[in-house]
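Here the chain labels run A, B, C and D in written order, and each chain numbers its own residues starting at 1.
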């Protein structure tokens, strides 16, 4: 489903009237927010894919925790479009952060539900280890959301920083998944 | 295909002009109807998935009963959008109920077609048992459709109630499917 | 891919302004054309699925014949929307027929390419037999296209007739596929 | 994901007002650009599919190189729509070329990443051989981009020429993949 979310997001990049470079420049903020969200959905896509593969049986709880995550991610095309079209003003930048924060929390809940279902020797628990990225992310989202009311540019930089943190692959995790 | 329906539904959440909280408040009814439909499609997605897995051979009848169900579910983004944009007035709320009712009937027909094809020892028949949820749903839909002409809010509460009934997992069914 | 075509087609059913039954009545032609195209894509989906399953190896020729078919089917949401929004006037009804005709020819070419690749004992050749439906269809499409310039209603009835011919399952074919 | 890109691209073919042949003629440039992009995405779809099948293990590097390619291809519906709606004027035709160029470079990077990961006896390396198509393409794209500022028609012919070069199947490659 994330393949669909990431693809329909381009529909928020509305084809503009006029054929000049200037017209294209006006689209630049929307394009920038498109890149940011593309990277975020891509990160979720990868991690989600790995995580689901550690599940041998799917309980009702995992299923609904998963759909809860997909709900928040399905809203990303909307909040991306709103932030881009308003050139990163305060409220849309705040809403974008809220959307990412709720997705992160939903991811955390899904992770816990899977670990709980796997019992003592949970592969997933071993794979994520201390999960420092998962623990730090909500703090940064909250800082970004607060910052967006004051200078949205700081919020954007924090969103970009978080994306960078998650892109860098975690050697230790890859090792566990490969076994 | 339900993964696509659930994802493109967000396209009815049109990015609004303006960047204030007020603008967002106007979108609230559309957002509410989005949540409701997301839950409904998610429920169908799960149950449909389980049901199809009990089929060992697919007859022409099952195939068309399945496409009939998908037809009604494919209309959900439209009826959701219409109900939300009109802030839950009578006719759109009624149409939404009709859409859900026809989907429920199509689901019932698909279920019967599969059970019939599996003969005497149908796994699906055993799994659904008395199917009280399936029997009660059309009654509630009809009550909600009637109520929508009078006070649409009652109809909405009934739609939400039905979603809740179906979300709560049926322990007995999961047991049968796992065997 | 046909799952995506059939699902995004609903986006041509634009949510109308106003919340009355009258507003809904104006949408009726678009809805009717939606049903017709839904059935057509569903028929292609089924038959295409069966046909591809007879292929053990995919040559470059089969691949491009397949993409050629998908090209014409990908245009169906457009021609459906145009015909519906113009309430079945001549030119859009003609274009709709042309679209279906080209899809039918592309299907025929794909069928021939697969049969040719399977050599003497082609399963597909055995399965389609005399292929009277495939032979009759282009004639009916041509009649419908001609009729659309004169009375589009006749063209529509012919499109519906053809859909009916293809929905009725072919007992003999199912037997061959099951072996 | 390319199946979704190729399908939603038809949404840029907006259903026009009016039901005459003239109205359709105005859509001709958009239709032409649709055909061109359909062919391009189809070529990528095929080649990408073959390439991914040579991977036995997916490293983090391959994954992100792949997402980088998908990013540029996901923008094709936008640049196609802009070029078509402006009837192939200079800037949109240039942007379209840039989009294709970046996709080609991303494809090249992905190819190199996979070959590198496969070590000495890389199947992919053997399959692409001298890769003259891959080497010539960026040159033609650059020529087309330069030409688009002067006479966009030349750029279009070059885009079409490149598509033709890639459609013609490479006998030698198919042989290697089949082994």
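Everything that follows uses one rule, which is that a residue touches a chain if its C-beta (ideal position, glycine included) is under 8 Å from a C-beta of that chain, and two chains touch if they have at least 3 such contacts.
No experiment lies behind these values; they were computed from the predicted model shown.
Trainee: Take the average of all CA coordinates in subunit C, do the same for subunit D, and state the distance between these two points in whole angstrom.
Mentor: 27
Trainee: Indicate the whole-number Å distance between the mean C-alpha point of subunit A and the mean C-alpha point of subunit C.
Mentor: Centre-to-centre distance between subunit A and subunit C: 39 Å.
Trainee: Hey, what residues on subunit B touch two or more of the other chains?
Mentor: Subunit B, residues with two or more chain partners: 4, 8, 11.
Trainee: Name the shape of the chain contact graph, picking from line, ring, star, complete and other.
Mentor: Topology of touching chains reads as a ring, each chain with two neighbours.
Trainee: Which of the chains are touching one another, listed as pairs?
Mentor: Final set of chain pairs in contact is A-B, A-D, B-C, C-D.
Trainee: Inside the complex, what are the residues of subunit D that reach subunit A?
Mentor: 1, 4-5, 8, 11-12, 57, 60, 63-64, 67, 70-71, 74-75, 77-78, 81-82, 85-86, 89-92, 95
Trainee: Applying the document's contact rule, which stretches of subunit D touch subunit C when the two form their complex?
Mentor: 3-4, 6-11, 13, 15-16, 18-21, 24, 35, 38, 42, 46, 167, 169, 174, 178
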